[in-house]
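Have a look at the structure that comes next, please.
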Amino acid sequence: MASASATSAHPSAHRSHMARWLVVAVPYLWLLLFFVAPFLIIFKISLSDTAIAMPPYTPVFKGFDAFGDFASKLDLENYLFLTSDPLYIKAYLSSLRIALISTFLLLLIGYPMALAMARAPNSLRPTLVMLVILPFWTSFLIRVYAWIGILKPDGLLTLLLQAIGFMGPDDQVQIFRTDIAVFIGMVYSYLPFMVLPLYAALEKMDATLLEAASDLGCPPWKAFWKITFPLSLPGVIAGSMICFIPITGEFVIPDLLGGADTLMIGKTLWTEFFGNRDWPLASAVAVILLILLVVPIAIFQNQQKRVV
Amino acid sequence: MKSSRFDATVLTLGFAFLYIPIVILVIYSFNASKLVTVWGGFSLNWYRTMWSNQGLMDAAWVTLRVGVLSATIGTVLGTLAALSLTRYQRFYGRTLFSGMIYAPLVMPEVITGLSMLLLFVALNVDRGFWTVTIAHTTFTMCYVAIVVQSRLMTFDRSLEEAALDLGCPPVKTFFKITLPLIFPAVLAGWMLAFTLSLDDLVIASFNTGPGATTLPIKIYSQVRLGVTPEINAICTILIGLVTIGVILASLTTKRTEMRRIRDEHDAARAEP
Amino acid sequence: MAKSLGPVKRKFSPWTDPTAEPFIRFENVTKRFGDFTAVNNLTLDIYEREFFSLLGPSGCGKTTLMRMLAGFEEPTEGRILLQGKDISGVPPYRRPTNMMFQSYALFPHMTVEKNIAFGLQQDNLPKADIAKRVQEMLKLVKLEQFAKRKPAQLSGGQRQRVALARSLAKRPKVLLLDEPLGALDKKLREETQFELMDIQHTLGLTFLIVTHDQEEAMTVSDRIAVMDKGEIMQVATPAEIYEAPNSRYVADFIGDINILEGTVRHREDAAGLPGVLRIDSDGLQVAVDTGSQAVADDKVAFAIRPEKVRISLDKPAETAVNALYGEVWDIGYLGDFSVFLVRMEDGRIVRAAQANVSRLVDRPITFGDMVWLTWSRDAGIVLTR
């Protein structure tokens, strides 16, 4: 710059300005390229036609020359197909249903655990947190796999129930490859994600609040609903969103534990992609799933922003 | 007290639920019988077959390389992202940026995996080792960013100002003051990124190519064919590695804690 | 207007010398953060070797002013000159100033030695020189045997001294101290105040200290700038600030004071003699030396420090110029002093302080006594702002 004022006169200051620019720009550009751009592409491809080729779709973007051509080729065919086939609608609804029930079960099991952890003696708490996190460090796939051996008709659960005489020697537990197995898998896999935000919210709560409530004549169970629960709501929302959103698109659990009639959209997408090799349709499935999840994701982001 | 007995029961049942399946899995990896549910005596047989299973070993090696590489790049990028978010309150597109950090945490893997694949296809990149690595870097960097960000938020900025004030330029200040102090968080971020990479099936399945089959993909394809004790064996090894890592980490924390207590003791005695 | 009262410490007063060049000059400096104006068009000169305090409540802009000098903030308007040179845009790591932080900001991963050496290493000095200077500094702050310790292993007072040594190691032209003694307990703080003065005197450096503690500012400073809402209310020596505050704000901020709002009844200027200003404060009559420009009918405040008010059970002689009659409402026993809250007929309270030269049991004045408060004409001041 010709009119270098005193402000920009120092080359070292200039260098540090560059460094600051790089700190923001490098991760920013990376995420734009590998996270945002793919969403634009998925959206475009969902509007293009299936072709028997590799890649198995007619590319919609062949440089700027073909832009006019591209615009004329866009159509909503895939989306129309999705709405015409009740299977897809059922899959979406079933995903939402399973995610809702799973999240509710997670809250039901996770909240007492988080509360018990928050009420545990100070010296014990780090260990308890560690115990919740530990399974998370072991492979997700392995943990789901472990349940197959338990839930199979000739699996350990059957053996156990037969051994204690709860079941006849010829009876078997018919849970494996049903929705119940899926719920067990979901709750098992996502429990740490539910417990930790709840614990974080409950743990930082001032214990004297409950003492004050008790001092003012409020019985413990009432104090829970009037004080503890409302104050833990940010944790409830964060935990519910962290579980609900990925569960809606979950693939591994319904695939390994669910039955043929367990409809989940993640499984449908996988089948369209790997089984039927219909990439545009798979993209359309993904786009609609994303649209369904926009509201919960927005709630989650908002929550995070308030915490930060 | 009644509530403490209730709490103890809840925690016992909760942790039993979390750990029993894993324990069973480990026990049956030492089962001599091929039938998963029949106990045929103790045996290391499945570890031997696993070891001689070339496909499984190759997959493990690929997974390890992808994990180390993507965790390392992801840690660098995630740390930079955390710095941007905590240090620069205003820059163009900051809201989009923080959105891009938080969204991958909850985004269903099938969407992330598919969209990335389509990007690579659009860019005409052959799928394989590098596409899996890039895909893993992208989602793990967000986890690193969150971990490092929470450390940076409690970081005393006056330490950096003191270094600047004493004549240390900003970049050097970062390496001499900031990085050493946030290093535990950066390391934790790396460990998390590495674990997530080791663990991932869905995103890797979309973005893998010939010769880049990762361990979860391999395990998944075998699991679909039925439960085999060989898988139990490799799972046990993975669990063992993670447990050792966690124990080491907690020992380090304990030592740091002991040192802190000793320091406080010294400080109290140093009082004039 | 301000007359110099009391002996000036060390006979050091470059600010009274019109030919003296200021060492640091803030020139019409304004700093805004968004809509908030932290420093408002402020001009201030500080001289070489001066021990200068910025005193004010939190949020008054004193820390911002110091941070602009250190280079952590740039002025929105105006400029800052150091030895006549504009230092705008010079990054903090190129400025010949060093700062001692309120939190001390000791690097927790470095030993005491390494902390002190840090600044010297940035100048790429030879190792031997650095080691020598570090030893000097450790000796200066009496921490030789703690050289190998980490900050976490030191007591609060020791940490404070390490921070001081570290900021002094580079022999900065100006040492900036941000609430340097705030984290110490009262006794240690008082000791350290005198140490700081000694060090400043020995090394012959310019010290700029930011504090909200008026006692600290009074003890250590050559001059004090009292700040409020981003502006300087008064710059003067501690004695002047105390004895001749220029406004109600400064009078009230420093020490304890009685303020009686009133109107000037008339002004008597006699040639060759100190004139008298007669003030009426809702029926209470006050006479004071004409140290002020105020004339008849001006709204003014009469201010007097409690320790300048005499309290007595006996009616004073008719010749007494100022005498108020009231009831002892409350007594605050402070050990060395007792403060009497005396209630006038109209309910207003006037405070009088009396040194407890005799033991408590002998004190003749007690609750409910009717007492006379008297003071001489030159004991109080007239405030127009």
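In order of appearance the chains are A, B and C, and numbering begins at 1 in each one.
Note that in this section a contact is a pair of C-beta atoms (placed from the backbone, for glycine too) under 8 Å apart; a residue touches a chain by one contact, two chains touch by 3 or more.
Small disclaimer: the values here were computed from a predicted structure and weren't measured.
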Practice item. Would you mind checking which chain's C-alpha centre is most distant from the centre of chain A? Key: C
Exercise for review: Could you say which chain's mean Cα position falls nearest to the mean Cα position of the entire protein shown?
Suggested key: B
Check your understanding: Taking each chain's centre as the mean of its CA atoms, how far is chain A from chain C in angstrom?
Key -> 59
Study note, to complete from the structure: Between the Cα centroids of chain A and chain B the separation in whole angstrom comes to 17
Practice item. Let me have the rounded angstrom distance from the C-alpha centre of chain B over to the C-alpha centre of chain C, please. Key: 55
Point to revise | Touching two or more other chains - residues of chain C | key: 91, 93-94
Review point. Using the touch rule from the top of the page, what residues of chain A touch 2 or more other chains?
Key: 12, 16
Check your understanding: Residue numbers in chain B touching 2 or more other chains?
Key -> 169-170
Review point. Of all residues in chain C, which touch chain B in the complex?
Key: 70-72, 91-95, 97-99, 101-103, 105-109, 118-119, 122-123, 146, 149-150, 152-155, 157-158, 166-167, 170
Practice item. Could you please specify the touching residues of chain B with respect to chain A in the complex? Key: 3-4, 6-8, 10-11, 14-15, 17-19, 21-22, 24-25, 28, 36-37, 77-78, 80-81, 83-85, 87-88, 91, 93, 96-112, 114-116, 118-119, 121-122, 134-135, 137-138, 141, 145, 149, 153, 169-171, 195, 198-199, 201-202, 205-206, 216, 219-220, 223-224, 227, 231, 235, 238-239, 242-243, 245-246, 250
Review point. Which residues of chain A touch chain B in the complex?
Key: 12, 15-16, 19-20, 22-24, 26-28, 30-39, 41-42, 45, 55, 59, 61, 109, 112-113, 115-117, 119-120, 128, 130-132, 134-135, 137-143, 145-150, 152, 154-156, 159, 188, 191-192, 195, 220, 241-242, 245-246, 248-252, 256, 266, 269-270, 273-274, 279, 282-283, 286, 289-290, 293, 296-297, 300-301, 304-305, 308
Check your understanding: In their complex, what parts of chain B are in touch with chain C?
Key -> 156, 158-159, 161-170, 177, 180-181, 260, 263-264, 266-268, 270-272
